[in-house]
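What follows is subunit A paired twice: with subunit B in the first complex and subunit C in the second.
After this line comes the complex of A and B, so read on.
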């Protein structure tokens, strides 16, 4: 027993270096493609080259005779084999009457998009499988295809031949239609806009992949997958394949990024697991990058019709939104729900009393859409932040001024604000972040430099844009999800166990893919239990080690999963306190717990560290009467509300008015994600998020030709930014604790992305305003900018 | 056909299909999986290794083209630093590995081996780069997580530590 109590290292606010890094920096780490199984077969997919076509026949004989080929199977053959009991799942039927055509892993008679699987090849060799795929001959009859969203809305062709409409659902959120109508009738100013959220490809640096290893004798199957959602995947594999859920173990090894792109139950995954189960041999698949661009889901894909009403002072009184959302060819796991996640955010950080929202989902003969970083919320933030700038421009006030006039509670601190969307914002304090961002950007200096360049008629003009975003994090209160007809809850599981030797194991249902959970969760233990974070091991991403969980998306890991860990740690401390009291022969009420040590109040010299009690709990030789042995506690935390982080971003662009070239030259972000566990990790998340949003603004778009072929499927022509396109980023933060959870944390995984696309486009439009340009389509390419300057128009935005 | 090369100081002689890419040979023939594959167009740089001391995207080379070469992968980088007497930090790593951790220059870590190998090779060519030169030097390596901010800082920090 020690007399001095050392302050705990690594608690909240510590910029602790990541525990994940050593393995990643030395190549010791295992990603999906690094894992092998003896006797494994490589799986390769024959994919449709037509956007919409009848499959007349498939000649597999050439492929079957290739060396090493185990089998070549068509959709019709697979259907006969009875590998699936149900189509691929959509967990979010947003309305009772939502149209959801059956979607099997391999198309049987009709291919619905380029990249749709029409046959599958199994081969003993990695190169051999690619050769064999090329030898499969498919005879198609092309059908009329609908290859862009507006054509789908206009009904130019039917994406599904057996349907009479492309419309999948209509979903309204209109709590007070009379209020909205009155606000527009009485408005001094009305602004209308049509924004296009182009399709984006998630492009995590690690392609998707999986390995299914069956145990024919035992009937079990181990499924390794580069996934964000091993727990959900396990349930969905069981539900679609009929393999008993308790015979499936899903392991996500190190996952090389996700951004929503690995948040799905893909055809490829289900094929691998069911084929391995059927033939009794391991089946593996690693996606080719260019294959994935058309085959794995894409993000965004929306047309937003937005109207804002304001009084004579620029106080916005109502927002009206209609969304046309591109589902792609099929409903994937949460395809229809993604646009609706944004519905609640169209009033942004503003006290706008009326919101009328509706969304129509439409099928196209394009790759299905689904979650991509922010999932619905960047789109909403973009719309409100662009329309605020347009309103400011119309009234003739500065962008920062219109925001100040509209902030919830005038920008001062608030808790539990009932927004027009019917959600309750946990807490906010918008003015400090706003002021700090303007100060860091030197807004006055920027404006004077901008004026100088304009007056001098310089070739390179400045554009300055801001965005004051709010997002919905911590998905999600299970009841709220139930209200939205989502097919699962939003809780998260944690177990904390103090081992006999004093080390700690944390079991978490959250599933990291680059976020640094092992570090952050260890810091939660340090904060709560006074234990060195290096004494903590985090078990996750394996349904055998961590059987309960709802995984990682929607900036939920800390605000739901982390809170569960903290609560479980508190329970361990509470139990350990009883053991300490027993050892000290004192009343538990008299025991103090400071920096990991228990002592009797008033006699701090006599103390016991919590780590020393692990052995006593394990031997159970002398525990309080009736106490169970061991120190292990679990919590399933279901948050009572979402959390609402926010911030102010400022983007500065330089536009070459002769060429249309645009360069992002400075970026400032002041973010508030509530209490920060590890500011180093927070900053990293914001940096990466900002670049992904800025990339939507300036570079990225999945471009399809008139036949529905993706024209830029590789990293050579899909413009993921490199070091050259991005500036250094200046960050700061404010801290407004959340009232949703006992840690006061909010979430930060998507914040950067939610703020940056609007900030950058606002900057581009600001820079182009002397040329009569009021809006520009994303990505704002040099060609679009040049056209806009020379046409004095919207550059095709409308 | 037979191909022989030295990888991280050990000699490896294997039979390969002539079309085998160097990166597949390293990963599946030699069995060192630290070098990653992120694309099919030589765009992402995740597979960067050193061949004869120069950084090379190992998906752009056939294994047979590396006949007789000495190759260093991420698994061997710390050892080369120890041999050169420049290893540093608690882990006794190459200064670039140390700088990447100190500056939080990695998140998912998939691009990291290639990024670190490219950055060490770049600093050999230009030991005192400006920020703009670092950005230009790493243009061929893509990262989707970090926004490059901390990667550039790490390379600056490694350069400063060495000078």
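After this line comes the complex of A and C, so read on.
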């Protein structure tokens, strides 16, 4: 054999431009607001202006007489209409005794947060509905409200008047309490900290929206939704509305970002679908930007009490965490589970033998919390990476040194590490990423420049921070989810079809909202089947085309859904091989498959390309005995474990010590997400993730006033950073294949976010350390930095 | 966001706009670049029932140097100030400040007359005009009058402009004396948390977002005129100011920023 094997065009590792982009860039794609239905009614929400209030009466007469208004419905009227059979779903009751007050789409007697829906207006005109909403007069009696998490913990007021506590659950993860106690008793060094994870607004560029189109005669309903989860939504609509599941078709058109914000079963969605079904007319809703800031769910919202014990050499021996988590006013789809997703990561990339964790969930009269990029894991990563820096500072060693002393397996390659949290890390190799990041950052050069500026007393001081994160991706092994009391599995579905003309259709159960699934899935086909990625079409996001799926979140698409596609492609190749062997009158064992072509071993001149076999499989004129026609295979892949990508990030900030102004001037990320399908997409994910984490560190926070009103609901006041605020980001990667799946892939959607907030705040604290500052609250605003410098210089640092 | 219903008329020229203002009275609002007014309408903080579009009045868009003054038509866009040769040669501070307003789309829609008429104390250009000692030319049904910029602003989004008057021109002295603009904010596209404009080598010092109007830092100017040092004068930057409080800054921090930025601006301008 002397045949030269050419690399497959478009296969793994190809920096292919995204197939999605021409349509997106030319405006050809249809987003929810581009889709119209004849006779559609616009839905508008009357929302509570009080954080907590009794609803005495609602006068709808003014609104009802407005032009185009179809109807105005209060919570009481809607309840009488019997539109739903169950409250809005919480799929993750984390404990048996979790308190979960019934949450219906429209409040009836008591509004629980500013933005809670108290009435609904339907109108034939988009502008008319906004005018009519303003004419609905609600008479409220304000009730005592609890509008921040600490007040909820302290029980200053009750978020739900019929409950005697704000506490919804207590969830412990304490596999070895004696071990933790002994580690702290014998510790040479103990560091304690209280970190606040401020509330963040997901703020996808496309707000939420939906359109429900009923078919009164047939009883079917087509529900278009800007959602990350069409499949889950379909099941949940059926379960809450009583509309038969097989009469519901959910379509997610092009979706303009989600970041977890479109990973829910919202009141608004359920109202649209049930009202459309009831009235027999299409009902649509498009969220207004500042409406969404307080009405769709928010992320984070935690207070972390963290303690670390270490021996005299800085080897950390135990981590103790108590988390108070802000649920907001209600439990949404996975509200209580989000903080627990982080519980397993509080020992980070380190060989720390003891972890004692507990979490209390608390109700407040604020917007509900739920998934936001990273969901629990950025919070955990932040805590461990901040406490490692604090420990290094206490012991007097460099941040990189304490990390090196604590890495799992000394930073060398490992597989199947049993962490103190009870999870098994699939694989890791932390030292190369660490070394490369320090090299790219020129750590020695940075430190000497920092020393020079300090000695010279310059106005602009440097801060250097690092973060070595690990992340749990590939959600999730269904059994593991069952163990956590989550209400669904974690598998993913794929079908691969070789069409009669040789083209390929991939049906994917994972649903993109900007990630580039169509490109990546085409590259998997290229890699596995030797077929040009441009010959592949991906069908997704429509429950009629792709009936099975568990959608997109938790960095699961590639590590679960992509693996399913690869496995289905393998099955198609296996079947095609039998057809090729039949045509060659050879034994299947003698057939070789290289770059899409089958040939008989030893006679490479006689070959057939797999795409040529599509027609034979379709006509079925001459298939092997007993073989079914067509080349179509499906796989439902349930991963045996999570995947654990990791990386080392370095952030450099410049702090103006006179004004408190802070600028992120350099950022280095060396990430390891296992095997990369398309490095261009990986880099895009990491770039976006880093900016989103840096945004938490320096810019973003949902700020509520003392009455529970959100004070910064628009993009004018909620400071999503732009490219102007971000430095050039230098990226590199290492490759440590996952052992969890046959592709060796890990997932990268949330990685940047998980590493960057801690790296940036470590940099800020490093820059401020000469002023006695040891910690700072996120976002580290200029005012906060200035306050910290003032307090620190007078010896009053936290 | 959805504004309340309104009617819209395109004014053919200034006289037409003033005539329409007279017809519609308090219900009307002039629409220039719209980058402040339209967002306020979308938030329903403003609900004029009649918009009079003056942005298309092309003869109000000009930049001319005459008699030691630079005359700028009210509908001149920020982007034009940013790139105009006359501005660069005769009053460079104006072009520089214009280049820091909002983002490129704001600068290609927003107008000098519009931003002054809007009288937002957080806007950049009004402070630059104040520091330069500029004059606002307003026209109403009874003709034209000139108002010193120092007399123009009266409160948050309020000025001496009568309901049936419109700004037609802004005049600033040609002045290339030492100038500087310090804009402190968290994102490049945002309003200044505090801004300080220094013109004419320190003879004109104006503050952004330090009160209910753009302010002349008269105490600083007086201290410098009296021979005080830059450092000492800058300490007086917030004298008499009542700085606003918001998510970005409390009053004492704004006061501190005004002092630091004034010192820096004066140092850079000298």
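Everything below uses one rule, namely that the second predicted complex is superposed on the first by the 785 of 798 C-alpha atoms of A that agree within 3 Å, B and C clash if a C-alpha of one lies under 4 Å from a C-alpha of the other, contacts with A are read in each partner's own complex, and residues count from 1 in each chain.
Definition applied: a residue touches a chain if its C-beta (ideal position, glycine included) is under 8 Å from a C-beta of that chain, and two chains touch if they have at least 3 such contacts.
For clarity, every value in this text was computed on a predicted model and none was experimentally measured.
Q: Kindly classify A:594 by the partners it touches after superposition: subunit B alone (first), subunit C alone (second), both, or neither?
A: neither
Q: Which of the two partners, first being subunit B and second being subunit C, lies in contact with A:627: first, second, both, or neither?
A: So A:627 meets neither subunit B nor subunit C here.
Q: State whether A:712 touches subunit B only (first), subunit C only (second), both chains, or neither.
A: second
Q: For A:515, decide between first (touching subunit B), second (touching subunit C), both and neither.
A: first
Q: Touch test for A:289: subunit B only (first), subunit C only (second), both, or neither?
A: Touch partners of A:289: subunit B and subunit C.
Q: Of the partners subunit B and subunit C, which touch A:722 in the superposed model: first, second, both, neither?
A: both
Q: Contact-wise, after the overlay, does A:683 reach subunit B, subunit C, both or neither (first, second, both, neither)?
A: A:683: touches subunit B, not subunit C.
Q: Residues of subunit A touched by subunit B versus by subunit C: which partner has the larger set?
A: After superposition, B is the partner touching more of subunit A.
Q: Have a look at where A:786 lands relative to subunit B and subunit C in the superposition and call it first, second, both or neither.
A: A:786 sits against subunit C, while subunit B stays out of touch.
Q: Figure out whether A:205 sits in contact with subunit B (first) or subunit C (second), or with both, or with neither.
A: The answer is first: A:205 touches subunit B but not subunit C.
Q: Enumerate the residues of subunit A that count as touching subunit B in its complex and touching subunit C in the other.
A: Touching subunit B and subunit C on subunit A: residues 126-127, 288-290, 714, 716, 721-722, 724.
Q: In their shared complex, at which residues does subunit A touch subunit C?
A: 126-127, 130-131, 134, 288-290, 658-661, 698-699, 703, 711-712, 714, 716-717, 719, 721-722, 724-725, 781-783, 786-787
Q: What residues on subunit B touch subunit A, complex-wise?
A: 17, 19-20, 24, 27-28, 32-41, 43-44, 46, 73-75, 77-78, 91, 93, 97, 100-102, 104, 106-113, 116, 131, 134-136, 138-152
Q: What part of subunit C is in contact with subunit A in the complex they form?
A: Touch list, subunit C to subunit A: 1-2, 4-5, 39, 43-44, 184, 186-190, 193, 247-250, 253, 256-257, 260-261.
Q: Can you tell me which positions in subunit A touch subunit B when the two form their complex?
A: 17-18, 20-31, 33-34, 126-127, 203-207, 254-257, 259, 288-290, 513-516, 680-681, 683-685, 687-692, 714-716, 720-724, 726, 728-729, 752
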